[in-house]
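Each chain carries a letter (A, B and C) given by its place in the written order, and its residues are counted from 1.
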Amino acid sequence: MCDTPFLREVPFLCRIDPRFRIVVATAYAIALAAIQNLPAACLGVVFAFALLLLARPNPGATCKRLAIINIFIVFLWITVPLTMGGDSIAALGPFHVSRAGIFLALLVALKCNAIAFVFIALVAPITISVLAHSLERLRFPAKLVFLLLFAYRYIYVIEEEWKRLYTAAKLRGFRPKTNVRTYGVLANMLGMVFVHSFERSARVYEAMQLRGFCGKFRSIALFQSRLRDFVFTGAAAAALGSIILLDIFPGKFHG
Amino acid sequence: MVEPPIIALEHIFFSYTEQTPLFADICFAFNRDDKIGFFGPNGKGKTTLFRLIVGLIKPEKGQVLFRGVPVHTENQWRELRCAVGFVLQNADDQLFCPTVLDDVAFGPLNLGLAPDEAKKRALETLKTLGLEGLENRLTHTLSGGEKKLVSLASVMSMRPDALLLDEPTNGLDPEAKARLVAILKNLPTARITISHDWDFLMEISHSFMTINNGKLIDVDSDFFMRPPHIY
Amino acid sequence: MHISEGVLAPAVLGGEAVLAAVGIAVGLRRLDYSRLMTVAILSAAFFVGSLVHVPVGPGSAHLILNGFLGIILGWAAFPAIFVALLLQGVLFQFGGITVLGVNTFNMAFPAVACCFIFRPLLSRGGNSMRIGAFCCGALSVAGAGFLTAAALAVSNGGFTRSAQMLFLAHIPVMAIEGMITMFAAAFIARVKPEVFLFSR
């Protein structure tokens, strides 16, 4: 179920300090979310795709992720052009395909995928541990960082436990079907997982106390900004700036 | 002057339910050179004794002394826990940080070491236990044997004066067990080891004890040569 | 359902992000580190639970389980759901950065609201508890669906019909989530009722 297929050694982008990568990705996402014009969105996709190529992620995992993200976009493509009012450019049986609907669906598709490319290129390869420590350096609340680290740590343990329970049920002839009995069995297993997790949390907290934990959570992560981090951020800012300008003044760049 | 025992239990009474007292007037002293093997059937209180020693549960009567001084305040308990390392039965409960290095550095950080010193101490500890190369591994990807050794490292990095090991060979394959034995044989730290594995206990302990009827009983090593008829 | 990036209007993204931040702050405020560990591990359990396939007719659906988490954690469901969504976003790309606030609020608010609305029923035990748990499960999902649809519709008029369809798609899931929440809560009440004291 859970795996991290993006963690490969990539020469260039992985050597950029993760804090800078997170900030750039977030700024990009926020700016792109606000874009209203197609030319700017197209430019955004172009830059984002270039970044994705630089990152050289695992192609299979990338396509799978993009497929998942685009499920919602496909849903919008099917529904919006057929239900939105405005000028009609074609007729599909009783439905009219509206120009404004196509525009909206296209805009949203471009924006969504542009943000996804940037995310896959910059943030996805960061391990959760480094991500949490980077967020801490970026002044994220300490309690949230704590939650992130320890939730991540135990996802796999709990997943293993779920698999064991499920396998044990199947070995005794359980076959999930659409009926109340199935839901009851699954709910019991879920309840068991939650109870075990609850009990485990008490033991883990004791284990922390046994190693001297007294309320302040500290980390050994050391981050050092280098010139290349600032250069990268500068280039990203320039790209972002041009996208925003294109969004504000779309007419100026029409040939 | 005679050095006081690291840990002393005086007239400890404890029970989980009112009907069956687990410990009735236990007195126990644990010194710097002791390497005790602690055995006995499940459910008789071995882990409970460890939990009493480190203050995770408190006795109904009696007291715990750390280096001759009775322990009462939370600060004193914290000092005791930093000096007496408890390696839990279940490594997944102990390895709660995502990476090995984070986990082994957790104790030193709590002791007050600066981040880079804590990191150095963690790397040294991993090297001492023959675990170099594991520092950037995610803890959930480790094998059972590796988890057990890393959980030992995470306690050792605090440089404790004594160790409490709860069933350390549970779930270990023969190779991992042999590695653990080799490490423990070379470790001068005082320890009490709970185990059902008598060969293992014989190899790493000098004296032995068990629990019967709520009392701790010293046992000599000849016991292991006779058939185990008591249980 | 998780909304993807790039769909909602910035005002909606920002507004719900603020609401989510408030909810998270309230949720974290009463948590010391011992209880924080419980929230972290239950957040992980919630993460794993939401990957479980439940057969629905010819296909299957993923559980949402926000109602169930709300019963156990109360306000702490806000930070727990936030962290689970963040992990889902980084590990699987369900949702994303800018929609984190929206998705968190849409899932957590109905869960917390139901927990408090149905607390009298839940406290009574027996069949009242079962009914309360069913309602928490079903209505939390309905609430999440409603808020998601509303966020879409408010962002752009062109999404109105899509939003309505999205909400309707949640309705069959409501009954199943209600049942699962009811059975799971009953299980916990029998096996370890102290779990429910956590949110008090």
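Here, a residue touches a chain if its C-beta (ideal position, glycine included) is under 8 Å from a C-beta of that chain, and two chains touch if they have at least 3 such contacts.
Since we're looking at a predicted model, the values are computed, not measured.
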Check: Which chains touch each other through the most C-beta pairs?
Finding: A-C
Next item on the list: Please name the chain that ends up farthest from chain C once chain centres are defined by their CA atoms averaged.
Entry: B
Check: Distance from the CA centroid of chain B to that of chain C, rounded to the nearest Å?
Finding: 41
Notebook entry, point to check: Whole-Å distance, chain A centre to chain C centre, using C-alpha means?
Noted result: 18
Margin query: Multi-chain contacts only, two chains or more: what residues does chain A have there?
Written below: 128, 149-150, 152-154, 157, 200, 204, 208, 213
Checklist line | Contact set on chain A toward chain C in their complex | finding: 1-2, 4, 25-26, 29-30, 32-34, 65, 68-70, 72-73, 75-76, 79-80, 83-84, 100-101, 104, 108-116, 119-120, 123-124, 126, 128, 131, 141, 143-144, 146-155, 157-159, 162, 176-178, 180, 182-184, 186-188, 190-195, 197-202, 204-205, 208, 213, 215, 217
Check: In the complex of these two chains, what residues of chain C are touching chain A?
Finding: 1-8, 10, 13, 24, 28, 31-34, 36-45, 47-49, 51-57, 63, 65, 68, 72, 79-80, 82-84, 86-87, 90-94, 96-98, 156-162, 165-166, 176, 179-188, 191-192, 195, 198
Check: For the complex, which residues does chain A have touching chain B?
Finding: 127-129, 132, 149-150, 152-154, 156-157, 200, 203-204, 206-214, 218-222
Next item on the list: Flag every residue of chain B that touches chain A in the complex, lowest number first.
Entry: 54, 56, 78, 81-82, 85-86, 88, 90, 92-94, 96-99, 101-102, 105-107, 109-111, 115-116, 118-119, 122, 138-140, 154-155, 158
